[in-house]
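See the structures that follow.
One chain, chain A, appears in both complexes that follow, with chain B as partner in the first and chain C in the second.
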Partner chain A sequence: MDTPPNLARAQWMSLLAQADPAELVAAMDGFAPPADTAWLRPAQTGLYMLRGRVGGTGPQFNFGEITVTRCSVQAAGHIGHAWVRGSNARHAELAALADALLQDDAQRVSVQRQVIEPLRHSLDQHRDKASRKAAASKVEFFTVVRGE
Partner chain B sequence: MYVAVKGGEQAIARSLELLAEARRGDTAVPELELAQIREQLRLGVARVMQEGSLYDEELAALAIRQAAGDMLEAIFLLRAYRTTLPRFGYTQPLNTTAMRVHRRVSGTFKDIPGGQVLGPTYDYTQRLLEFDTTAPAVVTPADAPLPLNMPRVLDLLDAEALIERIDAGNDPEPMDLTREPLMFPADRATRLQNLSRGDEGFLLSMAYSTQRGYAESHPFAGEIRMGEVDVVVCPEELGFAIEIGAITLTECQMINQFHGGNGMPPQFTRGYGLSMGEGERKAMSMALVDRALRCDELAEANVAPAQNQEFVLSHSDSVEASGFVQHLKLPHYVDFQAELSLLRTLAAQHAADTDEQLSSVVGGQRP
Partner chain C sequence: MMLAAFATTVFDSQRTFRELLQAMARPAAPRALPILPPSPASIAPAAMAVLLTLCDATTSVWLQQPQEDAVEHLRFHAGLRLAERPQDADFALITDPASMPSLTSFAHGDIRYPDRSASLIIQVAAFGSSPCVQGEVGRGSLALASTQDCTTPPQPSPVNKGGSSRAMHFAGPGIRETEILAIDRLPSDFWQQRAAMSVQLPLGVDLFFVAAQQVVALPRTTRLLES
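== the complex of A and B ==
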């Protein structure tokens, strides 16, 4: 199922969804929707039921729902989809548009360079900083030797 | 006789105006912005999301503001709102093993791979009110990030076969309480969905009762971890899985003593709790109650309220509980008229009987 083209697409779709919406808006500023753009499925907010696992690794259980906004667009002769958590329609629209442009051989490289790479860098930095902040509160135990 | 009563529209309209005015408070004070609630009241937002059973910080913040800070009312608002949205599907199971940890502690082992990471917690505060305007906190990050994979603490015991194994088995489709009614006996997956939506105060009290002796429970906090987990879905249109964002979760793995029974050797058993956002009290309470509710499966005496699944699961939901308690405010004029009339008859009967007895005692002469 996960052939290499799908894997690459899954990676950029995941990144576009994980990106900070304001950063995505800024990064997509240079990419106006092409003339043939048609919004096949305008941004629509709905629910996914989150599944957990008993004990973290056991059988599944229904944990609670989450808002998700999806959107589909036809642009540059390709169909772009987006599913992003939350109710931000603009986020879903831009993610779908980027997905379509990334399938277009003529634009893939520039979208990769101007959108995907900066967003990846920003997300990595954000996660690294959060992790290093948490690491600052790691307990260092000192053993106090009594007697001898 | 049934008498239909109508009226009060005008009074209700005025009441709603009063409510709107009371909610807003002094208009000389700026109105709360949703971003302020989301950023500065994040634990309240987490509770409303968890018990409202809908992960959306913006909507939870809106509900808290509209409910004037009444968490149960905010939870009710969120539950009502979700019914207006279409259901797209079910996510893939959340992989909490791959959590990007912001806090992780164990009450059972001092030295754990990856270490004890305190993160943001009230545990070590002095609980002294801070009257001074707090200066913005400056956090100095460590030089190196935490390891990408924090092994689960309970795996240490699993390696020695001292704790019950838990795996997905044939991974059955779990029951969904938003689609089907609660039936007894409820399996563990169904119970966990109920407890996830359950009121924190109720579960806290139930959990506390098990610690005080109202159930066979000797718990240890094996591991509590809080951090970011990716949400993964596999839409039909795509045919492959994608991340749609990350959410903050708190997970509690409770370890309980078990003397053996129902074909199982003496070993540690597990109770499980999971909560949206930073919800440690909720996750711990849920884990203790989850373990107590496994009494039949583990052939333990079912004697305490926290072990009784009909009692716990039927009374855990704050929306249902609040609705039934508060409906008593609504007009019960006809019911009460019937009660009143019955009581008047009984009182008259009682008075007549007393008179008769007195008459017989004093030989037919009235006192």
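== the complex of A and C ==
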């Protein structure tokens, strides 16, 4: 499954899911759903159970439930899927539509340029800002060894 | 390409489930399904409505004719597991009744768990019946308003008795006296197979017949009367 096309798709799906909904709406403004658009699975919200392992090696445990909205659409002859955190149906619909358009050779370049790149840039900036903020509050711990 | 399923998954499947319950409670009386979802060519929309309502990732389904588009559609929308052999299935979809396997090849449940048995969804061409309306019996009376909650059976009327030779009389729990129904194009020994299974009650298989927009249930307790 890690062939380059699947990997690229996984990356843009991940980016679309993590994007800020307002930014995604603005970026997708120029891409109206094509005439042949069929909503195979209208946006529906449910719960997923997150599971974790302590240290990545311990036994699995249920970490908690998370709200997820999913949507599947068929547009431009391709099927786009989206799973996004939260209950924003519009976010899931646009992410699914963008996934379908990105699989279409005719539209991939323009969607990449107008949607994916700006979202990636803004996500990077957001991450950078958060990590700077965290770095500024870094505390060095040291232990005073009691001499005998 | 793929098709959509129920437009509003929860409410549409609940309405369909209600009709299926009612069909099971009043065996041999056709009822109209409220919603017919889009479906691939090999599966009738009514059968698709039943499958989408009853099946999910916890049930296994055996398809008589597992065509690729149908399999893909069901996997995507219902998330169901496909059974390789009829005896492993919780539900079976029979799309060509004339060549269906024997009823004995499906799960009957065991005596401690009679519920571990198969339900068959059988696509047929048409029902001929007149559970509520006196008169026309036999093939072609499909247009009957089957949603009417008519539980009063026909006093087995002379008209019915003299009707099509295919019309059959059913009795059992949920039927006040008898119910009359004709089902086309079943294998010739289908009713003998079913009668042979009735001796092992409470084990057995339950049947849903679908034609056009209608569904008829024949639970294992419904008896075919010799007429």
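The rule is short, and it goes like this: the second predicted complex is superposed on the first by the 135 of 148 C-alpha atoms of A that agree within 3 Å, B and C clash if a C-alpha of one lies under 4 Å from a C-alpha of the other, contacts with A are read in each partner's own complex, and residues count from 1 in each chain.
Here is the rule we use: contacts are C-beta pairs under 8 Å (C-beta built on N, C-alpha and C of every residue); 3 or more make two chains touch, one makes a residue touch a chain.
Because the structure is a prediction, the values reported are computed rather than measured.
Trainee: Is the arrangement of chain B and chain C around the shared chain A a clash or a fit after superposition?
Mentor: These partners fit in the superposed model.
Trainee: Classify the contacts of A:H121 with the two partner chains as first (chain B alone), second (chain C alone), both, or neither.
Mentor: After superposition on chain A, A:H121 lies in contact with neither partner.
Trainee: Would you sort A:G86 into first (chain B), second (chain C), both or neither based on which partner it touches?
Mentor: First partner only, chain B.
Trainee: Is A:V68 touching the first partner chain B, the second partner chain C, both, or neither of them?
Mentor: A:V68 contacts chain B only, not chain C.
Trainee: Applying the document's definition of touch, where does A:G56 land relative to chain B and chain C: first, second, both, or neither?
Mentor: first
Trainee: Nearest 10 degrees is fine: what angle do the Cα centroids of chain B and chain C make about that of chain A?
Mentor: 80
Trainee: Please name the chain, chain B or chain C, that touches the greater number of residues in chain A.
Mentor: B
Trainee: First (chain B), second (chain C), both or neither: which does A:M13 touch?
Mentor: A:M13 sits against chain B, while chain C stays out of touch.
Trainee: In the superposed arrangement, which partner chain does A:L47 touch: chain B (first), chain C (second), both, or neither?
Mentor: A:L47 contacts chain B only, not chain C.
Trainee: Touching A:R113, do we find chain B (first), chain C (second), both, or neither?
Mentor: After superposition on chain A, A:R113 lies in contact with neither partner.
Trainee: In the superposition described above, what is the shortest C-alpha distance between chain B and chain C in Å? Please give a whole number.
Mentor: So the smallest C-alpha gap separating chain B from chain C comes to 7 Å.
Trainee: Show me the chain A residues, by the header's touch rule, that chain B contacts in one structure and chain C contacts in the other.
Mentor: 44, 72
Trainee: Considering the complex alone, what residue numbers of chain A touch chain C?
Mentor: Where chain A meets chain C, its residues are 38-42, 44, 72, 74, 77, 79.
Trainee: Would you pull the chain B residues touching chain A in the complex into a rising list?
Mentor: 49-50, 53-56, 58-59, 82, 85-94, 96-97, 100-103, 110-111, 115-119, 139-146, 152, 166-169, 171-178, 188-190, 192-193, 196-197, 227-228, 230-231, 233, 235, 237-247, 251, 253, 270, 272, 274, 276
Trainee: Contact residues on chain A for chain B in the complex?
Mentor: Per the stated touch rule, the residues are 1-2, 6-7, 9-10, 13-14, 17-18, 44-68, 70, 72, 81, 83-87, 127-139, 141.
Trainee: List the residues on chain C that touch chain A in their complex, please.
Mentor: Touching chain A from chain C are residues 1-5, 7-9, 76-77.
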